[in-house]
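There are structures below to look over.
Same chain, two partners: chain A is paired with chain B first, then with chain C.
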Partner chain A sequence: MLRYVALRGLKGIPVLLGVSLAVFMMLHALPVDPVRMLAMDSMTGTAPTTGVSGDTYKNLRHQLGLDKPLAVQFVLFVWNAAHGNLGESFRNNRSVADMLFEQLPSTIRLTAAGLAIAVLSGLALGIAAALKPNSVLDTISMGLAILGVSMPVFWLGLMLIYIFSLWLNLVPAAARGPESVVLPAVTLGFQGSAIIARLTRGSLIEVLQSEYVRTAWAKGLSQWPVVVRHALKNALVPVVTVVGLQFGSLLSGAVVIETVFARQGIGSLAVQGIVEHDFPLVQGFVLIAGVAYTLANILVDVLYAALDPRIRFE
Partner chain B sequence: MSRITVRILGEGAEQSKVAPQANHEVRSRRRIVTRFALNRGALCGTVILALLILAAGLAPFLTPYRYDRIAPLDVFGPPSWTHLCGTDQFGRDVMTRILYGGRISLMVGLVATGVGAGLGIPIGLIAGAIGGWVDDILMRVLDILLAFPGLLLAIGIVAMLGTGLTNLMIAVGISSMPGFARVVRGSVLTARENEYVVAARAIGCTTLGLMRRHILPNVMAPIIVLASLNVANAILAGATLSFLGMGAKPPSPEWGIMLADGRDNLTRAWWTSVFPGLAIMMTTMSINFIGDGLRQSLDPRMTVH
Partner chain C sequence: MTSLGNRHKGSGVLTRRQLLATAALGTMGAACVPLAALSRVQIAQAQAPSKPGGEVIVANLARPRSLDPNVWTGYSDNMIMRQIYDPLIWSVKPGVYMPGLATSWSISKDGKSYTFHLRGDVKFHDGTPFNADAVKFTFDRIVDPKTRSLQGPAVGPYDHAEVVNESTIIIQLKEAFAPLLNNLSGTALSPVSPTAAKRLGDNYAQSPVGTGPFMFEKWSGNDLYLVRNPDYKWQPRFMNHQGPAYLEHLVFKTIPEEATRMIALQRGEVSAVYFPALDQVARYRTDKNYQVFEFTTPGHVQSFPMNVKLAPTDDLRIRQAILYGVSRKRIVDLVEYDNANVAYGPFSSTTPFFDQAVKQDYPYDKRKAGELLDSAGWKMGSGGVRRKGSDTLRLQVVMFDSGPLKQMAEVTQAMLTELGFDVALDVTGYDAFAKRVTDGTYNLSEIVYVGLDPNVPAFLMYDSSQITGGGQFNRCRIADPKLDALIAEGRQSTDPRQRQHAYFAVQKYVMDNALLLPAWENSLLTIATSAMIGMSFDLEGRWLFYNVSMK
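After this line comes the complex of A and B, so read on.
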């Protein structure tokens, strides 16, 4: 098992390097000269009419490190990023890393709560649907699954605000305490919950028909131990993979949901960065998201191997 | 034709003597169409989508209003007989804007899918058919793209190219490219092992001829299914990015923009956010139903869940 973890971790290194290369190249693939972007007017997004004079231009290029060879720039970029230095914001005279890490806890709270809602409600609904296929609960879970893949996340958020904050007055729209995370987290977790419910249902129904489960019934066990101790263990193996993939959707969902609910977080910071042409900020955000997603995928593979020994020996 | 009749006819056709190749193809195509038509979800989806396309296309004939006409006297009018979905903060008719916005959303879905498929299919074919180091390099590049969750990849590309509807479609298209490439490569690898492909290679078919005549037809089914489902995802992604202010710009009647306006006016006019969202949902849902129907009818062995 340890060997598998080590190998899987090693395989992640080139991907992480690739991710940083992609993020690094973003700046150089810009259709606009980054120096001009730095000098751009943040509101209108147009280049200054007076133009940047020769000396200022050279100084700015030097300041951004753009006068060094590309390879050197990349090594510096990775080195700095590994040491928590993601450059300076174009708009705020602040370190991008400081700005992002300041907002990170809020985003982590949101995604953690969203993930918890997705997994818990998804599993509960999926198990209930699998135990009684074609029942009312099963139909509800199917309906939710269809809604989950067809409904725009931000619209669900708007509707929840309308119904629960404005109409029923249950959750204040401008809540700042711990309860402020409830509606955003439900919005964020909804799609994942629907997907996890369908997958759990399918996987559990399959496992329930296997011979060892029939043996467990034949031994005279009651429903709870058969389902939880015998069937669920195997049925959850494919679900784990999807939870890992869901982490990616949660990250992108957080960007949208933070904007809908006017919440602070790295997602709303990134949106602001794009609108204001604050490129280092966007780069920093994309890098953090890419690295987090890659690490989550490694974690899922390790979990998968722990749950299914066959993977380890492949 | 009732379900039973079709089933009996289908069985009859199966039992009849094996016809020449052309006949066989026609029959299997007809069977696919029958299976698709018998799928209730797929049929509903097709009808709804057809209506939506018609409504978007015939918008000028269906509504007496213009989507950008500002009417200060009609601001925030609730739904009524003159304005079925009410009016927004400029007194513009919400229904009219939804109809015109349908054109944009359908275009985003189709163009983005075209970009994704246009880039992804050749890459997948090349990687699968040539193999070796070419395959290795292409797959590593895709791994890097896949290391960014789909929507974030699109957001990153928009950040690079700049905001706007055209760049949005390119960005959403590129972010769906790895999916196409992977599916095509996988199908090519499976198709390559078929005996008739090995035989064709043995009698001296060139790689290009092999790909075009023998492999591509085999990978069409998964491509069609993926493309149809991808249209729905691209519409959702496009609306999301426009909602965030990275796509179409006001006064465009794009659905995401309408919802961004609706969000600001949620306390005063619920109809400005409810109806555009319903429009997005109906469109993506109908396309998803069609995609699932295609999946089931093109390959009955593939199950939905």
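After this line comes the complex of A and C, so read on.
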């Protein structure tokens, strides 16, 4: 099993390289001048209080390594990244690795909480709906699922703040502290739970109709052991795969949620980097997100095989 | 006394006596250190004396990128830096300066040598002494390429600094540079602790060490915590008290989402909001629990510069028609919800040497606009578009998407269309916009600029060297040696009358040649709870939290 994980890990490296290269090319293909952006107060869009001279631009460009050929810049990035050096932010010369890892725990807390909510509520809704198909419970659950999938994450977040913060006065709008993760996690997890609910329902209904389950009924086993020991394990196979894919959208959702709820995290750093054309920061974020995504999918594959003995490590 | 809910407008010039009287009464929140921007100072009813203690939490738009004043020019961050650092001199009225960390100064006859005498009782927040070496260090690091400073233009033709003794320093310039005193009164040239800067290197920007009334305490996530400097006693004379600041804590909470900021204010989670939602401001103006501070920044107004090199705006009559035919009041009402002054010329009314005469230029007159276009040969055709021969009157407008700019462009486009223009409006990200600016493929673009010294908007926006050089802020692309000479005269002269003559001439030239379509005077809004008293601003609109206390 260790060999399998290691092999999968190795296979992730070309993926990470490819993603980094794609983002690198996109950043440099845009008619973008990060040095000009440095002089802008990007949040308000106003030019700085004193003009920046042409010489300053040239010096800055050289200091930031932007006057080197593109291929050289990319190779340097890869080489440094392999040694744990993600470069320095254009904006404030701080180590990108320091900036990202300082704020990473906040994003991990948010994403983990969101994932937990998505999985737990999605499974619960999906199982309940599958056990009583076409009932009122089923209709309501699936109705909620459609809502969850159609609502923009951004809008849902603001609505929850209005309701729980302004009207019901239960939580601060710009909350800090450990309990501040609740509303953002709910917002984040809502969409994922909708998808998981629908998939679980469909998959479980199908499994419950298969022959071996009907055999178990016939043998006189009561509902719960059948569902949990036999049906659920098989029904969860496609669900687990989807959860792995959902992890990616949770990460991107975190970018929006961190802005709406005024949380720190690598998502809000990514926004900052993109708006300001802070190339090293963006590349660093993409790399970390890529690694996280790869690890999540390795985990999914391992779980997958654990659930279904027919699938073994090749 | 008028409540703080009213907007302070108009211009007023205070005498020194009124100023001292006001300070002596410990006025509350008539936001002012005397300024052309805010109104005549209101002499308040006697208030209970301010007591020390308390905390102010300001909801801020974004995490401060850098708190290094010698390196970073970001306006919002400089507002925070004003609390952490002191300048050598303070400007209380345009062109009038007061001692800060420097007790006195003199300028040589040729304008190239500035001698400053410094206070001897000042310490940096890390306990190290403030002295001439620190000032030299500050100037030198700005011009040192290793620092990667963006504040080069603030020191202008700086050559070197000479430390005469602990409390005397001579700043030597290569040529006369009138804006230096103004720049010294800002934040760019604030002394930083050499010990801290050398020790922390690039990380200094995240843990600033100045001499100001508030010290850096910590970062908590993206929130910045400042704490009172207990040793502070070198405040300038115009402040409303002496010694350490009243407030114990000053927090800048980062809340990027506008709606969330407003909810936080309503719930009392924060005491003040910077960049409030414009459409909600009116409500807070009339609410006794809140006060709205509106500061019109000096410098260049929010405007559409018109490209004189590209048809049809290469024709003066077309440009004048645009000025007559677009209602600026309508733009301000629709886009800024009437939270800014209408602009008339290139400089905002709070800029030194602003010429009131520009207010008479180009009153809104659609009929006159139509006549001008007719006389230029562009006759109204079918479909509401003017034609000359086989050509249509086509305007290319470029804008970048930030805040109200897109709406500003769209509202203007609608009014131009009524006049018979075929307007192609491109609203893009900043870089694509900047590329169009560089290539010159536009008739109307955008510019706004904050700067106290009139040299800033005059030089950057109208000097011929700034079309392709510098930040490319000369977007009307005027290149006239006569205009360049007027601008240079303003920059190099230290005689206020001569400067006024030069800058009045610059403004007249700009308006006579219809180089821009002004929209509104850039205004900064802060909404605060009424419990926060004593708020005032410096001449460039930065908060002065030193004066603030909580009821």
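Observations on the model:
Keep this in mind: the second predicted complex is superposed on the first by the 242 of 314 C-alpha atoms of A that agree within 3 Å, B and C clash if a C-alpha of one lies under 4 Å from a C-alpha of the other, contacts with A are read in each partner's own complex, and residues count from 1 in each chain.
The criterion applied here is as follows: a residue touches a chain if its C-beta (ideal position, glycine included) is under 8 Å from a C-beta of that chain, and two chains touch if they have at least 3 such contacts.
All figures in this text were calculated on a predicted structure; none of them were measured in a lab.
By the touch criterion stated above, A:Arg198 is placed in contact with chain B alone, chain C being left untouched.
Contact with chain C, but none with chain B, is seen for A:Asn93 once the two complexes are overlaid on the shared chain. Shared-chain residue A:Asp33: touches chain C; no touch with chain B. Residue contacts after overlaying the shared chain place A:Ser222 against neither chain B nor chain C.
Using the contact criterion defined above for the overlaid structures, shared-chain residue A:Val260 touches chain B and also reaches chain C. Contacts of A:Leu60 after superposition: chain C is touched, whereas chain B is not reached. With both structures placed on the common chain, the touch criterion links A:Asn134 to neither chain B nor chain C.
Of the two partner chains placed around the shared chain by superposition, chain B and chain C are both touched by A:Tyr162. Of the residues of chain A, those at positions 30-32, 158, 161-162, 166, 259-260 touch chain B in one of the two structures and chain C in the other. Here chain C touches chain A in the complex through residues 59, 61-63, 65-66, 72-78, 145, 148-154, 183, 186, 188, 202-203, 205-206, 220-223, 253-257, 259-261, 263-264, 266-267, 269-270, 275, 299, 400, 402-403, 405, 430-432, 434-435, 447-451, 456, 459-460, 466, 469-471, 473, 522, 540, going by the rule given at the top. Remark: chain A residues 30-33, 36-56, 59-60, 63, 88, 91-94, 103, 106, 158, 161-162, 165-166, 169, 172-174, 176, 259-264, 268, 272, 277 touch chain C in the complex.
Partner chain B is touched in their complex by these residues of chain A: 14-15, 18-19, 21-23, 26, 29-32, 146-147, 149-155, 158-159, 161-162, 166, 198-199, 201-202, 248-249, 251-253, 255-256, 259-260, 270-271, 273-275, 279, 282, 286, 289-290, 293-294, 297. Remark: chain B residues 140-141, 143-145, 147-152, 155-156, 158-163, 232, 236, 239-240, 243-246, 256, 259, 262-263, 266-267, 270, 273-274, 276-277, 280-281, 284-285, 288, 305 touch chain A in the complex.
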